[in-house]
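Down below are the structures I want you to see.
You will see subunit A twice below: alongside subunit B first, and alongside subunit C after that.
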Partner chain A sequence: FRLSSLIGHISTCPSLIGQCCQRHPGSVDEFQEELVIRPLHSGDIYASFQFRTLWDTDFLQEGQKVSHYRLFPKSLGQVLSKFSVRELHISFTQGFWRTMQWGQPFIPSPPGAELWVWFHDTVSDVDGNWKELTNVLSGIFCASLNFIDLTNTVQPSASFKPLGLGNATDHRFLRYATLPREIVCTENLTPWKKLLPCGSKAGLAVLLKSEKLFHSSFHSQAVHIRPVCQDEQCTSKAWELRQTLNVVFDLYTAGQGKKEWSLFKMFSRTLTEACPLATSSKVYVDITDNPELFELSPATPLLSQAVVLGDRRTYSVFDLTRAETFGQLRSLNLLLRWKGDGGEMLRPLLHAERYVAGFGLQTGEIHTVIYNNHPYRAFPVLLMDSVPWYLQLYIHTLTVTSKSRDNKPSYIHYQPAKDRHRPHLLEMLIQLPPHSMTEVTVQFERALLKWTEYTPDPNHGFYVGSSVVSALVPSMVAMNTNFTQDQPLFSSFVPVKEESSYFVRVYTEPLLVNLPTPDFSMPYNVICLTCTVVAVGYGSFYNLLTRTFQVDEPSLPLAKRLANLIRRIRGVPLLT
Partner chain B sequence: MAALQLEKQRGRYAALAIAAVVIVVGIPLWWKTTETYRAWLPFSEISELDSLQVHALRPSSRQNHVCDSIGSAMIYNRVFDKADLSLHMLSESSCGSVVVYVIPESSTLLPEDVKVYVGQRRTALLRSPPFKTSWNLKEVLSNLDVEVEQVVSTMSFGHQDIVAALSNRVRMTKVTKESMADSMRAIKSSPGYEITFSLLNPDPKSHSLHWDIEGAVQSYIQPLLNKLAPIANFSVDSQILYYAVLGVNPRFDNSVSAYTLSADSLSHVINPVEARLGSNAASSNPVLNFLLYVPDAHHSPLFIRDHSKRKVPSNAFHSPRWGGIMVYNVNEMYGPEAERPVDININMAKVMGVFLAQLRLMLGVQHTHPPTGFVLQSPGSAGLADWELDRLLWSRSVENIATASTTITSLAQLLDQIGNIVINDNIAQQVSSAVTSLQSAVAELEAGNLAFALQYSREAILASERAFFDPSLLHLLYFPDDQKFAIYIPLFLPMCVPIVLSLLKIVSEAKKRRADKQAKSD
Partner chain C sequence: MNYCNLITIFAFINLLVSIPHGYSNYVETKAGQFFSSGHTNNWAVLVCTSRFWFNYRHVANTLSVYRSVKRLGIPDSHIVLMLADDMACNYRNPKPATVFSHKNMELNVYGDDVEVDYRGYEVTVENFLRVLTGRLPPSTPRSKRLLSDDRSNILIYLTGHGGNGFLKFQDSEEISNMELADAFEQMWQKRRYNELLFIIDTCQGASMYERFYSPNLMALASSQVGEDSLSHQPDLGIGVHLMDKYTFYLLEFLEEVHPASQANMNDLFKVCPQSQCVSTPGHRTDLFQRDPGSVLITDFFGSVRKVEITKDTINLTSPVEPPIKRSGSSDIQIESLTYVDQLPVAEIIHQQDCLEANVTRCRRKQQRTRKLNCQVVEKQTA
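The block that comes next holds the complex of A and B.
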């Protein structure tokens, strides 16, 4: 595997993406909604919402302003055209996706906030646009994206290629930043829901109640905007807005050990109608393990098969646009009951984790461990690490070992940090031997910050964003490269170019590193101490200079003075 | 004894020398190193701004051309709106001026009962009152003075406009209710505006609404905006919001078998809708919202009633400085058995007529109340006559000047009062450029060059706001004095006490010695 071939796989998307649904004549934009429910082997439930708005327009066309919006949210459209954004991906995640227990998510995201943007190649001041864009997005999503600045922004050379149309490879127009400390809550969900044409009033979005969604093991919401092809011939561009929301419910512990769930239990709502603006509105339930593991009611005759993430899965489909889906009660409440214990889960082929080693507050070592669980195939992965400047990496200590042997990366892109200006960026292409564990270590030294540079609560530690592992993983089954047929949304996000492999992105845990933290009342103490020292020194000096010295008569000893007292009484001359 | 005196003298000199070093070197050094940087500001010019304005506001600089003869070109034009055009061709009147043509009493150009005809541009035709043939030109003109004054006060900038323009800044005692309402209605002067048309469809299940907003904006709104281009930049966009509901539940009225919104409840309508409208993420200009609300099938038809319980014919209302809302009933367009959702095309001519009128109000195009006998020509497709535009330029310039000078004056006052604030060079530069632009704006306004005046006043506003909202002003603002003392006292107290004491001692000794000397000489 050579680097160029991998980058080529990731970057060039099939030109036939995004036309999977038949277009209605006369309407230039369309909306689809979809919910996938997958029971996980751990007993948790994974629910993934996807909402897609497609609009046959071009925001970046010269001289023509897009200003009349129908289904596409106006606020995002204005942002796209003002900042000449070619592609925008933003995600807010609370919790960490446990790949080993849950398998691969449909759309991965790191804990905290992640934002990556490809700008159009006509933009001259990319950094200025990026700064302004993060400020505007922080207003739209009520998030602290305004804390994104040059010190946590990187320009990855290979890991983040455009997922949409266009062959942009010049990474000067790419900006990537994460805020691992960002906390996601209701105030981020509300503006996200507001971008949906039906809001949370109809369709699948009625299930999105914040008190349930945030009472979960994992919550991730994202917005992906990219240009896609409008039709099979790809004669013109359409813009795709994909809003995704992934949530994992731990119903096993919440349900007193009873393994059963229903829509009502998860979301405290049932479905009653599709969004009237949606051209398709479907609920998929992953029943690949049925009937050995669980039973689903109501049963549906509609089944669909999809190859997703290298695995062929079977889904029960509930089409909300059809009245019979809702039955007599006019509401759909899916119910699933486990029978017995879950079997062994297929181990995910690619998996990564990371931790900090070392002791003391001066040096340390970052360990990144990548697992290839494929029994007989080796494959290359791209590892990307963005480390803040206050961890000074010793790049000469970088070692990559697999199976206790040195594994030389075939490509290394390293951009050293500049203090207070930019972070370290390390990208490596590593070949993973079959059924192996590859360990990447690098030592670092902790820098001393200026006292105004510490965050509130500095003793909590400083976060270092997740490393990103991107790979084309060999597939067990033939992937579907034919995009002409009607495909569910969850399997059509990442373009698939060849049948033998599929693209996976794995995020590791973010790191929490302690930096040497001063006592913050120290400046005042220092001022007081030095002032006192100076004052004492000055006082004796002054005393020495201004004191008048004179020779003093030595006073008489006590015995002589007593004698003189007696002599004075007696009238005898005094002693001297 | 002499040695002791010498030693004492040396100690005194040492104390004096240390005090001198502290005073000559220490205090200036401390002063210099702890000083906050304050760039020079033109305080005197800023304080002059108020009095300058008074001159500018007096509408004395108007040029009235009174022509005693009419060009022959127009006499043959029997129809007076054509005459208006040809007169306009005849003498291209400059921006801000008004040309009054006087026609003989017997002229048949105007209908019998029409005394004055105000054209679409900057011209007016005035039927002269009867005069004796023996009068010379001057007498004839003086005879016309009253009428001319009337025409000018209709067409040009007057007292009312000043009141309206300044109502934000100045409390005026004598204000008619109507002009107050006018001034409150108009949106604040700004270099640009965002106009957003939103179609609210609370019931997408029964109504599938189509509006040709692009074409409607092109044919109804754009001509007005083109005309207003010298005043501000406008950008127009539109959106459709589904499941957007009004904030109040309309009441069903049996007498008309329709739902009604009373005038009192209108103030509660906007808030819940506004959360959905969204602000313009890409600019910070004020937004004018125009909402077209199509009531859902179960609450149709919906009518708005005014305070006297009558149906409002346009079925629309506006909220000052915010925008307008129009209710558009569609229940008559389909039968009860129609298949849902019903496709409905919205009649944009009807909608845009209402919105255009509201937009004129928002932009501050004032109602004119012509005296009897006056005929105003309708402004035509552009929606705005030239003289109306001039008036708008006037009031906008005055408003901008007032705003900018208030900003600059209060900034100067603030900086004057709080000595802790750092004044950077770029703030000083912004302030002086604002002051210069203000002075130029006032000068241009006095000279009658409205376009330049507006331009300068806009620059003044921008510069003054930039200076006022500069974040660098805040850096040291909240650094309290007690913290400074806490830091200084451990050093200053032990250092100053011996110096002061020994100085006191030297002074008292010197006094004593002088007293001794006097006693000795006596």
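The block that comes next holds the complex of A and C.
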């Protein structure tokens, strides 16, 4: 009975905390979760999870350390305050986003791992903080982020402006790095799930089962931390932590060829409850193409319209905080059935590709092709390229052509590489003419690395990170510049400053180039063979040059030899 | 009758005297059991040293030991797992995010809750020795460190391709048995372990423990010098061999061990006799102080905590007061904060003009450029 009194004591504590929090409304943190399902014309299905924790606190305040963490994970909070981080964006992606088939993603990310951080302007040693931060993050996310060092870190001069609040943008405090080779698997998902307030036990996170998530065409999980407006007047800051997971399930591998998707087919789970710690838990299904393309069941009367990525889309909303969403069976399983052929998808306005041209292992050429599919509007794009030092770029061969005419960029920033110290950085602001293809080419030469610098599998090749194309694309409908509290999360990630255009970031493919590789397989045999050839060749040559020939006397018979022996003793001349 | 009474009284007094004595004996035996093994925490270092898809079985070996060790109680924070290549999310894997140990995909040893500390190119001889000896760079996170002390029992499991006196790491470097023995000696001198169990599953594995010379080490190997360790069974769906024979039977043995089991090391030595394994497993116990028969399996593979249940009440402290909101913020008139422009085209072009102006100034061309409000362009640090 003592134990029961203990339990009774514990159960009164949340109500106490609730009371004390109501006394100080500003310091409460809130959590929202959201899932957006967008059926694609090709029969694939795109699901995007967003988990947002908003907390009004100041990690960077001098003297006062934040010690009471509730929904915000303590590991990330300590990282922010120790390294004076203003903004942190990290993403792990497996697969490549196919813009032409799938449209634009809500949150773009390049293949592999990408990390970019804005530090506070009180930091004196940005490089030192960056190095320690990458090591700490590699422990938190079980990834090899400790391979990020000065040879693959760049400091962009115009790209990657902060996505959060702020005035001054001194690019000395920005660092960007990408690891295109990084593998994403369950060991990265496990710590990511553990950062969520409900873990993977309740709410939308129960759907995150690794066996289904990694059996997909595209899987990307990311963490974005930035300061945002706390309310509509925007007088004070709050810290926002967004954990996003984008996954595209393929029709043939995960869908077994049938154009019919349900939550159970995608995730092998259904939803049974919302996360109790969440203030809002919603599932949005994009029904703009309904009923021509597909039909959705169970039908719901709740509809919502949102302007996202320059287009007005209609969504069916399933609110998980309401019990009637789950129906009789106490579980929600959405079913989407395709009706007939999809027809053509609207072509995305901005699209980019990159490839390596040339032959042999000495030189090559990098081609980056950017497409502007708008029929009559031209718009500028900022192209950022970060090439490792072992591909030595010849910048005098850089050409930018649009519609087979030279197109001079209005801004070029080039930082040459230093062998084994820093990579190339090329940033250009290019004006894309309407309905055109712009090609950027630059020649390079492959370097021969020292034999210890090769990876254990050098014949696989070396990766070059994706190029980043940032642009303000003209929008088809007026974008919403007002910030409202109940805006869905997927439409409020990128801040909108003007109505006529929206900001988009497109990543190209990473490149895989072969460097001239020595033959590591048979050093002993090679040494033996080489030594033998050298010995035989040199030895023969030496003999030819230095050997002298002498005529040899024929040998005497035994009797004459004995006689010679006696004659020698007597001291008399010998017989021949 | 008096005599009878006397006997009963005498017996009663005897009983009274022996009960507290028996009770103190009970307490002593309990206390003795509590401290018999001498360790207070458990660590595990599990290493797979092979790269490439056809070495799937080495990753499966390591993950099955990881699974058993987690199941018996050692938490992720006390396990350093090093996998030299990724098999679960390898593009050749027909079932992504899974690593199977039994054919027909019966047992997924990768699971849903796995934390790999060193992966891919990070698994090198240098990192392995640094983890063992504790000489890591200061910014290494906790999950990558072996934070053991002199009361830790450590389990070290190595698997991969090996030969007489060496173990190959990732097809490009090797660790020799002398280096390993020296590393253990460093650990002993720095008091980084109480007892250490070393298991190795490679060809000619017994050669790796020949040179050990530090106390409190027990070693097991899957084959003797001159013998090869063989793989167990292929799966035709996945196309590779799934496990090595020794670790397969070791996993079967460990699946029957539960946290309270009393199985001891002698049972472990009997795992996989030559009839099943084809190679002869070996073991070495001469450096170990205790008798192997008295060493429980859970002393190394599990993390068995002895708990004492208390019936006293505990007073919880009062709830934490949240930090007082900064006063004075409501008095000052704050202008509303704004987001930064994502692609400020005009500003970027202005930056270009500033750069060009600086260049012309450097060349001392004395050109009257129009008055630009350029910020002082600091020299960018290299």
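FYI, the second predicted complex is superposed on the first by the 486 of 576 C-alpha atoms of A that agree within 3 Å, B and C clash if a C-alpha of one lies under 4 Å from a C-alpha of the other, contacts with A are read in each partner's own complex, and residues count from 1 in each chain.
Convention: a residue touches a chain if its C-beta (ideal position, glycine included) is under 8 Å from a C-beta of that chain, and two chains touch if they have at least 3 such contacts.
Just so we're clear, the structure is a prediction, and the values are computed from it rather than from any experiment.
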item	value
Contacts of A:H68 with subunit B and subunit C, given as first, second, both or neither	both
First (subunit B), second (subunit C), both or neither touched by A:L545	first
First, second, both or neither for A:E187, with subunit B first and subunit C second	second
Partner chain in contact with A:K450 - subunit B first, subunit C second, else both or neither	neither
Partner chain in contact with A:K408 - subunit B first, subunit C second, else both or neither	neither
Which superposed partner A:C234 touches (first subunit B, second subunit C, both, neither)	second
Which superposed partner A:Y524 touches (first subunit B, second subunit C, both, neither)	first
Touched partner set for A:I140, first subunit B, second subunit C, both or neither	both
First (subunit B), second (subunit C), both or neither touched by A:K418	second
Subunit A: partner with more touched residues, subunit B or subunit C	C
Intersection of the subunit A residues that touch subunit B with those that touch subunit C	67-68, 136, 139-140
Residues of subunit B that touch subunit A when the two form their complex	3-4, 7-8, 10-12, 14-15, 18, 196, 204-205, 213-214, 235-240, 242-243, 276, 278-283, 341, 486-487, 490-491, 493-495, 498-499, 502
Contact set on subunit C toward subunit A in their complex	51-52, 86, 88-89, 95-98, 110-117, 119-122, 137, 139-144, 170-172, 311, 313-314, 316, 319-323, 325-326, 329, 334, 336-345, 348-349, 351-352, 355, 378, 380-382
Complex contacts: residues of subunit A adjacent to subunit C	2, 5-6, 9-10, 13, 16-17, 20-21, 24, 26-27, 58, 61, 64, 66-68, 94, 126-127, 131-132, 135-136, 138-140, 142-144, 146-147, 155, 157-158, 161-167, 169, 172, 181, 183-187, 190-191, 209-211, 213-215, 229, 233-237, 380, 382, 410-413, 415, 418, 421-422, 429, 455-457, 470-472, 494-495, 497, 503, 520
Subunit A to subunit B touching residues, read off their complex	65, 67-71, 73-76, 78-79, 81-83, 136, 139-140, 194, 197-199, 201-202, 273, 276-277, 524, 527-528, 531-532, 534-536, 538-539, 542-543, 545-550
